[in-house]
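Below, each structure is written out as structure tokens.
One chain, chain A, links the two complexes that follow: it is found with chain B in the first and with chain C in the second.
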Partner chain A sequence: MAARGGVAVEERVGQVVLPGDVLVVPAHPDEDGERLRLGAPPAPHTRLLCGPGLRRCDAGLLVTKCGLLRHRQAAGGAYWVDSQQKRYVPIKGDHAIGIVTAKAGDVFKLDVGGSEQASLSYLAFEGATKRNRPNVQVGDLIYGQFVVANKDMEPEMVCVDSSGRSSGMGIIGQDGFLFKVSLGLIRKLLAPKSEIIQELSQLYPFEMVLGMNGRIWVKARTVQQTLIIVNILEACEYMTAEQRKQAFAKLSGN
Partner chain B sequence: MKPSPVSNCERRFLLRAIEEGKRLDGRQCYDYRNVRISFGTEYGCCIVELGKTRVLAQVSCELVPPKPSRPTEGILFVNLELSPMAAPGLEPGRQSDLLVKLNRQIERCLRNSRCIDTESLCVVAGEKVWQIRLDMHLLNHDGNIIDAASIAGIVALCHFRRPDVSVQGEEVTVYTPEERDPVPLSIHHMPICVSFAFFQQGTYLLVDPSEREERVMDGLLVIAMNKHQEICTIDSSGGIVLLKNQVLRCSKITAVKVAEITELIQKALENDQKVRKEGGKFGFAESIPNQKITAFKMESAAVDTNNVEEQAEEIITKADPPSEVFANPVLYTPGTAQIGEGIENSWGDFEESEREEAAEEEGEGDATASECQKMEIEGTSIIEETKTDEPILLSDSEEEEVVILQPQELPKKTRAQTNLKQGSTSKKAFIKRRKKKRAAH
Partner chain C sequence: MEACHCSWARRVELNRRHRLLLPLLFRYMRPRHYASLGIRCGLVVMPVAMTGEAKMKLSRNLLRMKFMQKGLDAKTKKELEEEEKKVISDEHWYLDVPVKKAKESFIIEEQSFVVCEELLYGRMSFNGFNPEIEKLMIQMNSKNKKEEIEVDDKMEADVSDAEMARRYETLVGTVGKKFMRRRDQRVLMDEENCENIEIRPSKKAKKKFLKPRD
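And now, the complex of A and B:
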């Protein structure tokens, strides 16, 4: 670790980092060497953001996950680690797919794949009132958004946005199939103009819901077509872009 | 951490796919997943992969005093452990129902079948015998732990070498591997478990269920067999009623699978032996350079995606046209008439069906696949419904609707032509027969 200790953070961007690595954030030339820019930023544009997988320590940034180190220049710069983990930790604002496990009074309990179950009020649906309850059964799938997610409290989800509209959230239909992929793949799929999604959409029409918790719900016209989509997406995890293009070419050729 | 529950849509989709004869990973109903065996650097250590399910087995031995009841027999101790590493829902160190069940099955498969010659493990009768300890760890859980564990267990036992000993008078000498070559255990036979999952009360059968199939199955049948086609244990759980011919069919499939797996095991053992002799890279070391960041590789061409839509069209065009609808009841004899779509006169001989019925009643409890006859009396008409569910033919269910009239009309002797192909496995058979009830007069 001592050997890794002195690596500057810029040098490792795009490379694999391991838990325990210490990355040094270069100090300002006008500041003394011991004080970091992180501590008290003299100007707002030099503020540095610590994303997932990184933690501040005395020497600089401590890596807590293994994966690729990423950097974004916007707003002073942000560093984070892109990892391929499977375990989901709820984060406020994330859209996730939950499975209803219990109906307890006026809240539903949802399994979102995290360490704790999330709660969802029956009033947190579009158009729901005390009289007009949503029809939710145990075992149903719900696509919602986290409004409370921190390490000390039970996470809470809602199915409406701030203006009270559902905006795509709510109960997912009875048909279709749910499966899990790694969180890294979900982020790849949810990226704007994701190649995989664009290529998939050229095959045949289907519906898809992507949850940040690694769950994907897919429904195509037939069972066979749904199975194909499921298999392609599961395989995408282990395929390079080229292999994927070949696979899609083979599929669309038929 | 609780295992994540199965949602309704998963359950429905899986059952529907199984009804159509499709599985998630593109296997056929009777297909086994790929088995991969790799050995450790030391003797008696192996990892068996069954699809994504992985089991690590390690054999060790020590000299212990024998059990007082069996002073000349060595001891075989078997233990399987599940850890949260395999699946987040599994808890460490807790004797869950699943773990107890698995351990019992493994023990019955390996120890009670006497696959190891325990008498050869005796060093000094009544004083010192070898205790062979087989430890197994589940590294990844993707269903069918029992099969993977039974393969891993027997492979590790076959691979294991115990130190050589010599007895001179009272003195027992244990030789190190440098002094004398270690000796293998004497294995009589190799019992291997094969699991069968049953769905919809035994209507559908799948070999080697994956984790998600295990979660929606109704019952499980595990048969342990060796390559001489001797059944070592048989275990049915889930509380479903199985017919005799289902069990027989399963045992036949088991014989085929066991023969394949035994051959694979022997090949793997020979390979390992050869490589060790030549001094090349063996054990896990051999597989290290090939392994990328992800240990699992996706098998290619899992689902047959060739011209899905064309095939569907083809099936529809090739299928038989729907059978005719008989609006008027066809009377054979007084009191016997038929009506409805696709009249089929296989039960025309009334006595025969009655005989069958009597035979069915004898075989009590076979409710799943027996003919269920329901009699309804509506005014003057008796509507008899005969339902035949064949448990194994996956897409064959017939329903007939029969109106039995009182003999007031002249009996028409015209028999309906049978245009329904019986036993055809085409998807056509799925066409629902509409029930038409008609009261006479």
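And now, the complex of A and C:
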């Protein structure tokens, strides 16, 4: 571990990092007094983003998950750890699919796959008032966003954005098929210009909801088509790009 | 004890309301009630021998009551206030820890992958399965792109002097029109109208229905 301690961040980008590793961040121009001495105007704020799997510490960044260190060069730069996991930990701002397990007075309890059930107020729907309650039944699927998510408190979800509109959140319609994949695959699917999604979209007309908690809901015209898409998505986890292309070629040939 | 009580009460300086009330109280109350009365309204009265004065003093608790505030003089009022402040400040508690100087960090912690990887919105629809969602997809996923475009605009905001001069040249006429006097403006308008009138007939001629020749 001692050898690992204090390695510059740039050197480890794309490599495996382990919990406990300390990554040194290059000194920020604001920190050394040069700016004051020269009397130059303050530089525009460029702040380093330290994403999931990393934590701030005195020396720089402390790694808390094992995986590959990733970097993105945009607006000050961002570092995060790309890890493979199945257990979802609620994060503020994430969109997730929850299953209603109970109606307890003013709140619904949602199973989101985390350690604790999330609560969802009946007022946190578009157009809901005290008189006009949303029609939510136990067992319904709900696509919502976390507004409270930390280690000490019960996570809380809402189905409206900051302007009070639903923008796609709320109860997910009837039928369809819900299944669970790893969190890594969800990120792969949600990435901009994801190849899997682009190839899938050419197969059938279908609808899909992807929750950051690893749940996917799919609905197509027929049950058969739905199941085909589900099977492809599940298989994508373990297929290489080549194998996937072969599978798609086979399907489109039929 | 009982005998004492009566003699104290007479020496106590009370306001008029109390003076009227006290004989009644002492007539109908049993001695064992006195103690509770004293505690209730803070009527702890000191005997003459202890203070050494002819006059008795009322307890602080009694003086603090609302109906006693009228007859108080400025000095005792001040004393009471000070005491109250003292009690309040004593009851505040704080941690005796040296103030930690937090250095402003330029690193932001962000636990969400969505921000780091610029992930898309989770609802999708393809090939017209759910047109509403398709509209929403375009709207939600264009948010990120718009920001990028805005940044580009800022970068290109610097216009060279030559271009500025060229643009300004054309602006002089249009902006100048705004500041012209009404009469001048009218004249200008008429001129424009005349031009339009000249053009109009030609347009009309074009639109005329052409009879097919047999």
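Just so it is clear, the second predicted complex is superposed on the first by the 227 of 254 C-alpha atoms of A that agree within 3 Å, B and C clash if a C-alpha of one lies under 4 Å from a C-alpha of the other, contacts with A are read in each partner's own complex, and residues count from 1 in each chain.
Here is the rule we go by: contacts are C-beta pairs under 8 Å (C-beta built on N, C-alpha and C of every residue); 3 or more make two chains touch, one makes a residue touch a chain.
Given the structure is predicted, the values throughout are model-derived calculations rather than measurements.
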item	value
Contacts of A:V148 with chain B and chain C, given as first, second, both or neither	neither
Touching partner for A:A191 - first (chain B), second (chain C), both, neither	second
Per-residue touch tally on chain A - higher for chain B or for chain C	C
First, second, both or neither for A:V13, with chain B first and chain C second	neither
Touched partner set for A:V209, first chain B, second chain C, both or neither	second
Partner chain A, residues of chain B touching it in the complex	1-2, 4-13, 16-17, 20, 22, 24-26, 88, 293-294, 296-298, 302-303, 305-308, 312
For the chain A and chain C complex, residues of the former touching the latter	25, 28, 30-31, 46-52, 54-56, 61, 70, 72, 76, 78, 80, 91-95, 143, 167-168, 187, 190-192, 197, 200-201, 204-212, 219-221
Chain A residues touching chain B - in the complex, by the definition given at the top	84, 87, 99, 101, 111, 113, 115, 137, 139-141, 172-178, 217, 222-228, 230-231, 234-235, 237-239, 251, 254
Chain A partner contacts - residues on chain C that touch it in the complex	105-130, 133, 136, 140-141, 144
